[in-house]
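Two complexes come next, and they have one chain in common, chain A, joined by chain B in the first and chain C in the second.
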Partner chain A sequence: MSLVVKRYIPLVITFIMGIIMVIATYFLAPGTPERDATTLLTGAVDVIVATAGVIGLIVLLRHHGVNISRRGKYWKYSTITIIGVILYLIVGLYGVATQGRYLMLASEHFAWVYNTIYTSMDATIFSLLAFFIASAAYRAFRLRSLESSILLFVGALMLLGRAPIGGATWSGFPDISTWLLNVPNAAGNRAITIGIAIGAILLAIRQLMGVERGYLGPERS
Partner chain B sequence: MIYGINDGLVASFVLLIVVVAEGLIALYLSRTGKAHPKIRKIAGLEAIEEAIGRATEMGRPIAYTTGLGGIRDQVYYQTIAGLSILGYTAELAAKYNARLIYFPYDPTIMPMAIDVMEQAYLRAGKPEAFNRDNVQYLGGDQFPWAFGVLGAIYREQTAANIHMGPFWAESLILAEAGFYTGAIQIAGTANYHQIQFFVVAADYALIGEELMAAGAYLSKDPTQIGSLWGSDWAKITTVALLILGVILTAAGVTQLLDFFAL
Partner chain C sequence: MSLSSIAKIDRRYLYVLLFIFVTLPLLYPLKLPIPIGEHAKRVYSKTEDLAAGSIVIESFDFGPSTRPENFPQAKAHLFHVRERGMKVVALAFWPSGAPIGEDALRQVYGSDFPNIPEYGTEVVYLGYVPGAEVGMQTFADNTATAKGTDHYGTAIGSLPLMQQCQSAADFDLWAEWASGTPGEQQVIQFVQGRHGGPSAVPIVVGSTAVSVPGMMPFYLTGQIYGILNGLAGAGEYEFLLSIDYGYTYAQGPSLDAQSVGHVLILLFIIIGNIGYLLTRSKGGKS
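== the complex of A and B ==
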């Protein structure tokens, strides 16, 4: 594909869309036809997302299909993935066909699979995070350096302040933990947030002006 | 029709203009060679080459993710920054003949990522080494995706894991998985509630704005680096405004607070 299609057209689209969005946000009052027109423009993204979803499905099926046909590494897992995707798709399409609902999630059977199987597995996976937090905290809170010692000390104070046993032992623990949260922690957070906001604005400016093009791939030397 | 700045956005617009103006002035000064700003080393970005070299020596792959971002999210800028770093990483991987596996979360990012990687391999002079099967779409839901990546890290025994972009609760899951497989880990996010997890569990962490600066940093382009210099000016302005606000408020003058609607 030519450089014009791969680089310059995306840069021009980025610039035009960026300027339109800035004008819409600051100068077009909500509810006016002009502002609504820009909202419609952002709605076009949904079309891209929906199309990309289909591409994602094709890529997923292709990847695992090839793995099965080659009897590649862990091809049995690929089989389970493909069966899961196809079965769920059939359930959704069946719901659409029999219940006349265009949204798959609105159909009874699809929602049943989602609520009873998917949500349970999702929650199970999420709950494993507690164990990962425990193992990471164990490593981080070891007395290795001044920083980790401070972390350990502050972490202990926070635990005592938030757990009922801390307040029952000494009434000052909750106040200390609240102060730690609202003063040093908030100060650090705000400093990071200010840096992120300024960095994001200038990144956007570099991209709108076409100065930073790394997201379009490295340029040929 | 345009009648003026929308209600409640005057202060925001003024600040935007100030930050943009500072960035553009810095960019202009460095582009025209009137200033030669130097930026500090970002250890996390410098370590990418070391991580790829290690993966090459061990004959094991590198896992790359750009977090839970897509093109329509408010955090898209982090994903875009992650793609810039992906280009750099892919070029190095091609150079060293290491296998780089990318796990996109959002399918909208996938075509862009494939293009970025293809161009990186082309730039490294090894277009034939690029294999589309190394872009593995695992699904667009948070935990299925996270555990898909976790499973791949364990199965492939990746030697290096690079996570750059917007992350939420899955950040620690990914970083801990990498720790247990003994991989060298470089991670960065601007989601401030997840930064601490990367700091604790990864070998190198990019904190907040370092992620946004990565594209400019890696490009070594003086013009782009100039705009990073501009962000320092903007930070100085912000801190000055904060100090002024504290002094004025303490003195009972509330006009500045009213202007910023605080």
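== the complex of A and C ==
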């Protein structure tokens, strides 16, 4: 594939689309025909995402298929992954075919798999966090230095302030935890948020100008 | 076992203790009183202040993993909105949130949902709206462009409520039940920020407790009007609704379990530090 197709055309498309969205966001009022036209353009993202989903499915099946055929690391998990993907796909398509539903998510077969398998597994994995956090708190919250001591005391105050037992013990705990959230936490988070936003703006400008090309993949393959 | 050796206790003992101490209050609730914080009060007052007939967007942007925290928040708010005679457009920008949203609507509007008389005029369920933050932006600009049909395949144009709800200019409140991205920050950025700011599109958020610290800058500027903070926030809202509307305050046992869990973790921390300090005083390596 020539350099023009691999590099220059994607860069030109990125620049044009980026400029259109910048103009739409900052210069076009909502409700105007020009703004509505750009809304149709953002709707095209669904098409791109759907296409990317199909490509993702192919890449996933290929990656795990190769791993199974080579008996690579954790190949048994690769088998489970492939079975899971194919089964869920079949269930979804079966729901659409038999119920005439517009969307897979509304199909009762799809919902059954979701409610009985996915929900249980997802909730279980997340619930395990409670145990890991308890163990991590026990090991990490140590009076090693001034900073870690402050972290420990603030963590303890938040633990008491955000559960009813704190308020039942002393009415000041909820107020302290609210103050911690509203003042020192907000100050730190605000700094982080503003920093991230400035970084994102710079990255966007670099991408529009074609300086940042990481999203196109390696320069030479 | 000496105190200093406690610092090296096998973590599996902690797991067993935590399991027991969290399970007991679920079986035998302590019935601890719940303090009502300002964050939850603001969600409640904002919803109370809206007139009957206002259009409220209920966005279910979370998955099963955070359902214990997000679902009771969303369900209680949905109940409140229905009791106040408001109109609801519910949707999900997470695919995994779509079945949960439908479940909440069924629990509040009846198990026959969507086959209820008020469907289409008082309440609509759009289900999953694809595109994440771009989907949010598209929905706010033009609801029909973001989703041509509701969750059940009915054309949006045939639903009277959706004719009244064509863009963000028609939203009176956006209730965001979130536990990640896209979530409240994307609603601020792509809906509120592009359509007149907090006064035009007020946002209330229900979130997992772990996400709330990151929202505080937006709360303090008024971009987020109120927050239900994790399970405690759900309990606070249920309690407020129980006073005014007779809603069931169901989170008591869960919050008792959370309280006991927190106290146990505090005890772990104290014991761990005693062990650590004793080890250090003896010149040992912790």
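Keep this in mind: the second predicted complex is superposed on the first by the 194 of 221 C-alpha atoms of A that agree within 3 Å, B and C clash if a C-alpha of one lies under 4 Å from a C-alpha of the other, contacts with A are read in each partner's own complex, and residues count from 1 in each chain.
As a convention for this text, a residue touches a chain if its C-beta (ideal position, glycine included) is under 8 Å from a C-beta of that chain, and two chains touch if they have at least 3 such contacts.
Model, not experiment: these values are computed from the prediction.
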Looking at the overlay, does A:T178 come into contact with chain B only (first), chain C only (second), both, or neither? second
Which partner chains sit in contact with A:R70 here, chain B, chain C, both or neither? Use first/second/both/neither. neither
On the A-aligned overlay, A:G31 touches which partner chain: chain B = first, chain C = second, or both, or neither? second
Looking at the overlay, what does A:R139 touch: chain B (first), chain C (second), both, or neither? both
In the overlaid three-chain picture, which partner chain does A:G56 touch, first (chain B) or second (chain C), both, or neither? first
Please work out whether A:I165 is in contact with chain B alone, chain C alone, both, or neither, and reply first, second, both or neither. second
Taking the two structures together, which residues of chain A meet both chain B and chain C? 25, 30, 42, 45-46, 49, 122, 125-126, 133, 135, 137, 139, 189, 193
Residue numbers on chain A that touch chain B, as the complex places them: 6, 23, 25-30, 32, 34, 42, 45-46, 48-49, 52-53, 55-56, 59-60, 63, 66, 73-74, 122, 125-126, 128-129, 132-133, 135-137, 139-140, 189, 192-196, 198-207, 211-212, 214-221
Using the touch definition from the top, list the residues of chain B that touch chain A in their complex. 1-6, 9, 12-13, 16, 19-20, 23-24, 27, 70-72, 77, 80-81, 83-85, 87-88, 91, 106-108, 110-112, 115-120, 122-123, 133, 135-141, 143-144, 146-147, 155, 169, 172-173, 175-176, 179, 190, 192, 195, 197, 200-201, 207-209, 211-213, 215-216, 218-219, 221, 223-224, 227-228, 230-231, 234-235, 238
Could you pull out which chain C residues touch chain A in their complex? 9, 11, 14-15, 18-19, 22, 32-35, 37-39, 63-68, 95-96, 98-99, 127-128, 130-131, 134-135, 137-138, 141-142, 145-146, 149, 151-153, 167-169, 194-195, 209, 212-214, 216-217, 219-220, 229-230, 232, 235, 255-256, 258-266, 268-269, 271-273, 276-277, 286
Chain C touches which residues of chain A in the complex? 25, 30-31, 35-36, 39-40, 42-43, 45-46, 49-50, 101-103, 105-106, 111, 114-115, 118-120, 122-123, 125-126, 130-131, 133-135, 137-139, 141-143, 152, 155-156, 159-160, 162-168, 171, 174, 178, 181-182, 185-186, 189-190, 193
